Amino acid sequence: MTSLSIGLLGAGRIGKVHAAAIAGTANARLVAVADAFPEPAREVAEQYGATVRTIDEIMMADDVDAVFITTPTDVHADLIEQAARAGKAIFCEKPIDLSVQRVRDCLEVVADTGAALMVGFNRRFDPNFRAVRAQIDAGAIGDVEMVTIVSRDPGPPPLSYMERSGGLFRDMTIHDFDMARFLLGEEPVSVTAVGSVLVDPAIADVPDVDSAAITLVTATGKIAQISNSRRATYGYDQRVEVHGSAGVARAENLHESTVEVGGEHGFTRAPLMNFFIERYMPAYRDEVATFVRGVLDGTPLSPTGKAGLRALVLAEAAARSHAERRTVDISEV
Amino acid sequence: MTSLSIGLLGAGRIGKVHAAAIAGTANARLVAVADAFPEPAREVAEQYGATVRTIDEIMMADDVDAVFITTPTDVHADLIEQAARAGKAIFCEKPIDLSVQRVRDCLEVVADTGAALMVGFNRRFDPNFRAVRAQIDAGAIGDVEMVTIVSRDPGPPPLSYMERSGGLFRDMTIHDFDMARFLLGEEPVSVTAVGSVLVDPAIADVPDVDSAAITLVTATGKIAQISNSRRATYGYDQRVEVHGSAGVARAENLHESTVEVGGEHGFTRAPLMNFFIERYMPAYRDEVATFVRGVLDGTPLSPTGKAGLRALVLAEAAARSHAERRTVDISEV
Amino acid sequence: MTSLSIGLLGAGRIGKVHAAAIAGTANARLVAVADAFPEPAREVAEQYGATVRTIDEIMMADDVDAVFITTPTDVHADLIEQAARAGKAIFCEKPIDLSVQRVRDCLEVVADTGAALMVGFNRRFDPNFRAVRAQIDAGAIGDVEMVTIVSRDPGPPPLSYMERSGGLFRDMTIHDFDMARFLLGEEPVSVTAVGSVLVDPAIADVPDVDSAAITLVTATGKIAQISNSRRATYGYDQRVEVHGSAGVARAENLHESTVEVGGEHGFTRAPLMNFFIERYMPAYRDEVATFVRGVLDGTPLSPTGKAGLRALVLAEAAARSHAERRTVDISEV
Amino acid sequence: MTSLSIGLLGAGRIGKVHAAAIAGTANARLVAVADAFPEPAREVAEQYGATVRTIDEIMMADDVDAVFITTPTDVHADLIEQAARAGKAIFCEKPIDLSVQRVRDCLEVVADTGAALMVGFNRRFDPNFRAVRAQIDAGAIGDVEMVTIVSRDPGPPPLSYMERSGGLFRDMTIHDFDMARFLLGEEPVSVTAVGSVLVDPAIADVPDVDSAAITLVTATGKIAQISNSRRATYGYDQRVEVHGSAGVARAENLHESTVEVGGEHGFTRAPLMNFFIERYMPAYRDEVATFVRGVLDGTPLSPTGKAGLRALVLAEAAARSHAERRTVDISEV
């Protein structure tokens, strides 16, 4: 195979991001689109010269090599299993499912069929975070000791979304759990989490929290600290820092421009890039390119389904730690 | 017209940059490519679904609305005139010509035919420099008083290129002259320039200089200072700063990432984006989109041919100032 | 009283810092010095025109208005009580004692005598941290929600010191507990701490930890996260950040200079100010000036003895949380 | 001699700065103060334990080893000559005189008497600018090629001051001329200057300019560019940058703190240190310490009287270049 023909399952906001990324990727072509609603499917199909089809048609199609699963979360696992059995390469947005057991079952099907699966932890492909990891791999900071992740959204999602999201730890922190694993280079063995409702009292009734501090520890004692908030008036706050035995590496936020204006009251830099799609667009492009290249070359895909499972297990442990006010061992989950 | 069909004249490095930008622009399509060499023309045509044609064929073609002139400089003016007479909208890379008189003649033809012409001063479209200009327009720094432009290339071009380039002031500083006009908001009336050979003694034999300091003054006394070098080991150094009566605005360099690594010897940030195409790709994209939108809407194009002329006149005056060791009035040129 | 005559109890490293600060403070004069060793006492006395005396002589002296207690920790509480009974104003280096109960008893004596007591949490007087607090007080970031403190030493102290230090939480984090209280504006009600030995395995035998992550939560759910390490190769790492409902304020590290050097491998800034005395010298000066002004004006001194107690209680809770792997309520201590 | 006894000639603002610096310098003592007005002389004498005397008394005094000349400029040269003949070591604030010829005559007297003379170019002692120079000396940026100096005052001095100042080039740029020499490491051989009145039209009537751009070139073609303004609303703007064959070194401005506040409208850093005494206090301290150490050790003092002369010659050439609109060779002055 020298070119990958792709079917898109789900033409919503994140589906469109991937469709655009596919269009900009060498040796990849969007050939089919499915969505529960006809209009977005038609729109995407038209823009990229693909055809609208049903999910079943795409799964059975000979001219579709790979599927991108960008539907709502609750059908992710079913679609992965269906695609795995149909022999398609699979890209699935995080999370695979909100239930740890369901994810485990799904990954067994994937393993049995030998399907190629990649999970959409887009942040691993951010050029800045990748550069931090590259510095670690190059030995620039010695042994990793402490990881600090600040991850704050510009504003909270609607309450209706939060009710179905599985809670902050599974919905939002899951990205940070994956980033912590990516940077620690070792599996966390315990999780200690506290959460508060500081942004909007209505979130307490969901019930959920909107602010959280999470601490992970690995078997050799390496530590990761995560700071989450559902609302940062100053923009989409996304930073990582790794303290090691020989130095420190950190990735700062991205501003809208490099411009600074000085006046009587100080020097003002541009606000942060505020929207996750704009902020992470280079990451989405690289993520798709990595998937396409991996499938065409037959090399292992990463982040794997197991990475998706591990991040979810950490989320589960965090939720339990918060509820029970104690450190939770991963082995408990 | 709701979509613009474009013919590309010149499929070299900068032609390819524009072809890619056209492909990413809404309502624009590359339909034809011409080049003195068959291979690059074929390559570009294939990649974007266009056909290879001769320049004359493109000029006469009914299915071509606009041409992009990305040939070597010495035929720019002839092609502009031919395209103007053929009724095409025209985008031409800078400079229009190295001779002030030839540019004046060419612009007369453009004026007589009423052709739409835009000159490729890409840096005006850089998001950071545009943001500086936007701050000026918004009144954030009061009246503009002093503009500082630092513009240094990673390394010098081949001597063979420099011999035909018209010299540093016409080849390299011309971008900075346009930027100074863009930021001053007033026409410079005098130029004082000094140049040195510091990078490579062979450049003295071209003859040319490789390092220069230029000062422009407008009728009301506003001042612009430009610093040029043909070689910056630390990367493509592109900064502007505007000091005004109520503040200052500056655009800093772009680094390859936001990552900083700390260790015993200090804190090291990533190198600068080093290649002009990578550095200015967002600018090239916006430049093409602006051209396409302007032609489709029938609104005036900018930077105009006159902007091309004015920058060249400043270059001419700078060369004379350097040679005669005195301030040169623009009215002399 | 228009000028304060001061006796210094302890002429070691930190005693000398305070002696220099006293010399630079308006309306303050060092008149007497005591130390277990004659040489340092003589040296300080000579440099500042004071006399060497015994502690008892200083306590009884009519020409001494105030004492600075900069002895080893184990006699702090005794000296505070003695000075309080002798009617002296008291400045005492942190901590008052390593035992919560001893501190409580000591503060009762202070309360009974009505003595003026200030505890040496120097970081509150750092111009940068004070500026963060001033931004909070001015409402610039709305309600405080999450405090992040990074506090890492250049290198670990000798093992012999660590053995008597009370452990990382009481010796090192105690500064950060005070800073967290200073920035949160509310009392923490629970502490969750994890610690590791990552820097030097010998520290495990003390026994102590050298790396730690601590999370504090207040009654209304505000959160503080602290990151500690006994060794940062890149210098004395001292940063705070406060995320609020309307913005964020942060104080960055202090570098040895503002100089940045660019070359082929990137842009390198100067290392951090590496020694705590150099880093915090402006803070020590302001601390002493604040004490002198407060005593002369008869206004309340701050940080109070209670602040010293509260920070120690948090340290005690952190040690317990780490040992028992659970969140510890302050009320338990 | 193991300690230097100093007489201060002139107890105005800058005299007080030096008195404070002397008080903080090891092995130096202020013993006498003279001023045309009794009150400031008395005030300084009292604060530092010196006596008020006449200038002649100080010159004749056996207990005075060195004098600091901090009077108005017009008597600098006379006092230098008197002190040289009296065998005192001499520190003189810049400039020695506004007349090049008068400076030459004065330096001859200094040479004839063998007096030790240091001229007060305080900026050479700024830790940041010194660090830039140290990087050059260490070879970190290869051969120096282009120096860029931005030097802007917060606001213009009174017109009455400007009338006697000798004009912007002699009064303000003179510091930058010295800095350019300090960083270039080679003598400038030509000067090209333009000046404008942009800040206050009344300055044109002085007559003087308030904004200027100056270009210096050395014999080997190294270039320095200076940007001056009498008014920067954003604070005292003092930056240098040196571009070399192997890299670049730059010293950024000093802000009041390291604090940055983020909110909806961007991220705002603290204003610049705004007052020259506060901004350059560490430089003043080091300047005095360097003078004291040099006199006590009998090592050559720097900046020398010749440095004072050279900076003035550059100022003279700049004034002429501005007036005659041409490059002026130093040999003309």
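When the chains are written out, they are named A, B, C and D in that same order, and each has its own residue count from 1.
Just so we're on the same page, a residue touches a chain if its C-beta (ideal position, glycine included) is under 8 Å from a C-beta of that chain, and two chains touch if they have at least 3 such contacts.
Because the structure is a prediction, the values reported are computed rather than measured.
Q: Which chain's centre, taken as the mean of its Cα atoms, is farthest from the centre of chain A?
A: D
Q: Which chain pair is joined by more contacting C-beta pairs, C-D or B-C?
A: Most contacts of the two pairs: C-D.
Q: Can you give the whole-Å distance between the Cα centres of chain B and chain C?
A: Taking the average C-alpha coordinate of chain B and of chain C, the gap between them is 57 Å.
Q: Quick check: how many Å separate the C-alpha centres of chain C and chain D?
A: The answer is 40 Å.
Q: Can you list the chain D residues in contact with two or more other chains?
A: Within chain D, the residues that touch at least two other chains are 233-234, 246-248, 262-264, 270.
Q: In their complex, what parts of chain D are in touch with chain A?
A: 233-235, 255, 262-272
Q: Which part of chain B faces chain A closely enough to touch in the complex?
A: Interface residues on chain B, with respect to chain A: 127-128, 131-132, 135, 140-141, 246-254, 256-264, 270.
Q: In their complex, what parts of chain A are in touch with chain C?
A: 142-143, 145-146, 148, 150, 152, 190, 192, 194, 196-199, 211-213, 215, 217, 220-223, 225, 227, 229, 231-234, 237, 243, 245-248, 325-327
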